[in-house]
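Both complexes below contain chain A, partnered by chain B and then by chain C.
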Partner chain A sequence: MCLAMPAQVVSLDVQRETATVALGPVRKEISIALLEEVAIGDYVLVHVGFALHKLSPEEAERTLSMMREAGENPERELAEGDRP
Partner chain B sequence: MKYIDEFRARDLAHGLAAAIAREAAPSRAYHIMEFCGGHTHAIFRYGVHDLMPSNVRFVHGPGCPVCVLPIGRIDNALELAETHGAIVCSYGDMMRVPASKRRSLLKARAEGADVRMIYSTLDALKIARENPSRQVVLFAIGFETTTPPTAVALKQAAAERLENFSVFCNHVLTPAAIQHILDSPEVREIGSVPIDGFLGPSHVSSVIGSRPYEFFAEEFQRPVVIAGFEPVDVMQATLMVIRQLNEGRYEVENEYARVVTRDGNTKAQALVADVFELRPSFEWRGLGHVPYSALRIKDAYANLDAERRFGVETKPSRDAKSCECPSILRGAKKPTDCKLFGTVCTPENPIGSCMVSSEGACAAYWTYGRFRQESGAGKGAREAAE
Partner chain C sequence: MTVAGRLQIDVCRGPEGSARIVSSRPHAITRLFTGRTSGEIARLVPTLFSVCRMAQAATATSVCETALGILPSAGTAQVRELLVLAETAREHLVRILMDWPRFLGCAPDRAVPRRVMMLDRKLRSALDRDGTAFAIAGKPHVDRDALTNTLGDLEMLLEAEVFAGPAAQWLDRASLDDLLAWSNGAATPAQRLLHRGLEEGWWASGSIEVDPLPEIDRVCLAGPLLAEDADAFTRLPTWNGRPRETTPLVRQAEHPLVQACRDGAGFGLGARLAARLVELAALPGRMAALAATLTTEEAASSSVGRTAGNGRAIVQTEAARGRLAHAIEIDRGIVTRYRILAPTEWNFHPSGSAARGLAKLACASTGDTRRLAELMITALDPCVGYELKVQ
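Moving on, here comes the complex of A and B:
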């Protein structure tokens, strides 16, 4: 029920407040009535036929690097932790 | 697919598992409630559970919109179709949820009621336009993610003067439910449901933002980390909760920053505020009557309110005997504590709502095989069935 998918906007119909998004190989028409502004190429979170929010590529990258950092090997982290 | 595959990467998961094992202090336990069924689903589907040290435990919360709707409201939807002859439009997840006397929308449809499965609220508008001589009711359920789409449909119907369309509103609010759980005697006094911190909702938070949780973190002194629904999101957020607990902090942090901001989607919030207002009280399965925990349609849209149009009255109803859904939704019991789990009750033949929705805890336990270690009964039944 709460499943939502990130999908890329491939075309827009501003008049009808709809967009076509690509979900992997699948194309789908969704409503953009809940978004303030959106452009072709943006990634949006699609839920029950509506875009709920835009996705920030910068924040996605930041989260991934935070995860990589957390997973770095403990010896190295210890060594860093030991530094005054 | 982009923004999905990266967040399922095996190497990240292993790195995070090692970090959690390193940082979780062996001297204490960490009970982390994942509010959302979406997290429950991810935890079981990807075996996140199995990657945790034994002192890090997930407590499953009530965040499954299908599971928390009380039977009386499903009975109401059946009445709209059967007694009032309306076309009832419902999301697919709701179709198999047992109502009174083990009926369901799906069974009613098999018996001739006009129940249609929709993907979007706009599908219900289309059905109303195509059937001008029939009453069409949108059976609107869900948390803050499905509420804005219902608001859009209501406003569109009003603009088009679609007179045969109405909404049976059952939208509920996440923050009210979290507060109710934290206020419950089980958590507050008896301590039978230990909750040290929360994984906060993903998609609900994309709409309402992270700000509404600031109150709980402060008032109840529990860390809240908003987490995405992919497995490494859950793990990173778990690590963040553990770090807060280790450092004695209780703040709202946001692991799902690629979609969630502090303010959320203000356009969607404004649409919802325009159409809906708080109900003084609403019944939740498992939680009972929770004050100001649901929405109803404002007077300005009264003519589109199915409850007023058809004089809907919700009767008290009891859950199936022996079904432990109510305790499971409060985090007080596990699916394997239920006598019916895996024997009488399976996804093919569900007794309670928690076995129907893929976000329900019973369905997650069954589908992803947790019960194999925990329940001899479930195992026997499954082997017999195979």
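Moving on, here comes the complex of A and C:
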């Protein structure tokens, strides 16, 4: 239902416009083609393999804790979600 | 099952072609909302539902206000509507500029979608300088100069990257010949994809009789949406016993160009692509007209009214992908029930438009079924990821 996962950027491939994001132990390569400036350490919202927006660490944590509160597993979501 | 869920779509080719759609989209997430205040809901929804964030936020705030008997000012309502329209433009543009080039076998020019996202941020900032538009009884501050300039930028982007001319003029096209003449220009991905459709013979592929979601009175919708067993309805919604479609095609079905597509080839792939372009082309004009009315009333200085809220409300919003509905029950300031019905549930119902259109594609003896199936899914635009198997 239009949900996106927050994750932290841990590496960048500027040439390919991709980033590796992390959430807990899960790592995933995503496209950063829709964002202007992304830096290592930024939090981004990931939806079907694309980073949609940047968000603050506090916003990211708040969203993740709400998802966990709903009994969901955001790490698994990021791992199983689509690639760009 | 994952938080966002996904669609499993299996297409079987042959004379008895079929398509099976299974959704793993969970609906338990709205349980998070019970036991909270309306103010918390208004903050929570845009954080969680971040893809159609503006439509979700507008619907959530409005449903809370209605249940509580709060009437936002006309200016606030206009700002919220403008924010949803800006999001619709962004979503259509991202599909057209990122997804459509893939079907032409070429990589998208990624600088353009990035400009789209930047424009979207500028529009949001112009319309809601201090981020209060979706607070309960919020009074957003509008930066009129920035809004006018950014709407001008949006028009220029549409002209250069999609319509190869002014969007408002593009809307005057009313026949397939007009569309073919335009697509011959081949200057933008939209022109090239429509040209292929018209020339390669897949324009009418996946053509079905569309069963549109009608206007539904909120009292009528309250029955199934606020029922004890509403999960069954929100997972597999039907209206008068039939799954319905709520998409840009349904919204634009009366436009002369979409009518010409239907008369020439039925509601197939081509009509769906054309309807998205029609909706996009009209958006700058709609937004400029709404923005012009804001000059008579400053949202931030207008007053908030009261009505007799009865703690129960349904609000429907036309989001980018179709109609979104939220339902709420509040008792003494605390939410006791909250439901969301998203357009993907209608459009990707196992017997709905996507399934019927894909089954029609699967019956065709020629053509690249997988490519056309992907185009059909993109045209109906689910808000979750999907896995497609073609046998």
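A few points about this structure:
Here is the rule we use: the second predicted complex is superposed on the first by the 55 of 84 C-alpha atoms of A that agree within 3 Å, B and C clash if a C-alpha of one lies under 4 Å from a C-alpha of the other, contacts with A are read in each partner's own complex, and residues count from 1 in each chain.
Everything that follows uses one rule, which is that a residue touches a chain if its C-beta (ideal position, glycine included) is under 8 Å from a C-beta of that chain, and two chains touch if they have at least 3 such contacts.
Remember, it's a predicted structure, so these values are computed and weren't measured experimentally.
In the overlay built on the shared chain, the residue A:62 is in contact with chain B and with chain C. By the touch criterion stated above, A:43 is placed in contact with chain B alone, chain C being left untouched.
Applying the stated contact rule after C-alpha superposition, one finds that A:3 touches each of chain B and chain C.
Contacts of A:34 after superposition: both chain B and chain C are touched. Touching of chain A by both chain B and chain C, each in its own complex, is seen for residues 1-5, 33-36, 45, 47-49, 52-53, 59, 62-63, 66-67, 70-72, 74.
Contacts from chain A toward chain C in the complex involve residues 1-5, 17, 33-36, 45, 47-49, 52-53, 59, 62-63, 66-67, 69-74, 76-77, 80-82. Residues of chain A touching chain B in their complex: 1-6, 8, 23-24, 31, 33-36, 43, 45, 47-50, 52-57, 59-60, 62-64, 66-68, 70-72, 74. Looking at the complex, you find that chain C touches chain A at residues 2-6, 25-29, 31-32, 44, 47-52, 56, 94, 98, 108, 110, 113-114, 117-118, 340, 342, 344, 383-386.
Touching chain A in their complex are the following residues of chain B: 1-4, 6-7, 11-12, 14-16, 18-19, 22, 36-38, 63-66, 91, 93, 119-123, 142-143, 145-146, 148-149, 152, 201-204, 206-207, 229, 232-233, 236, 239, 255-260, 265-268, 271, 357, 359.
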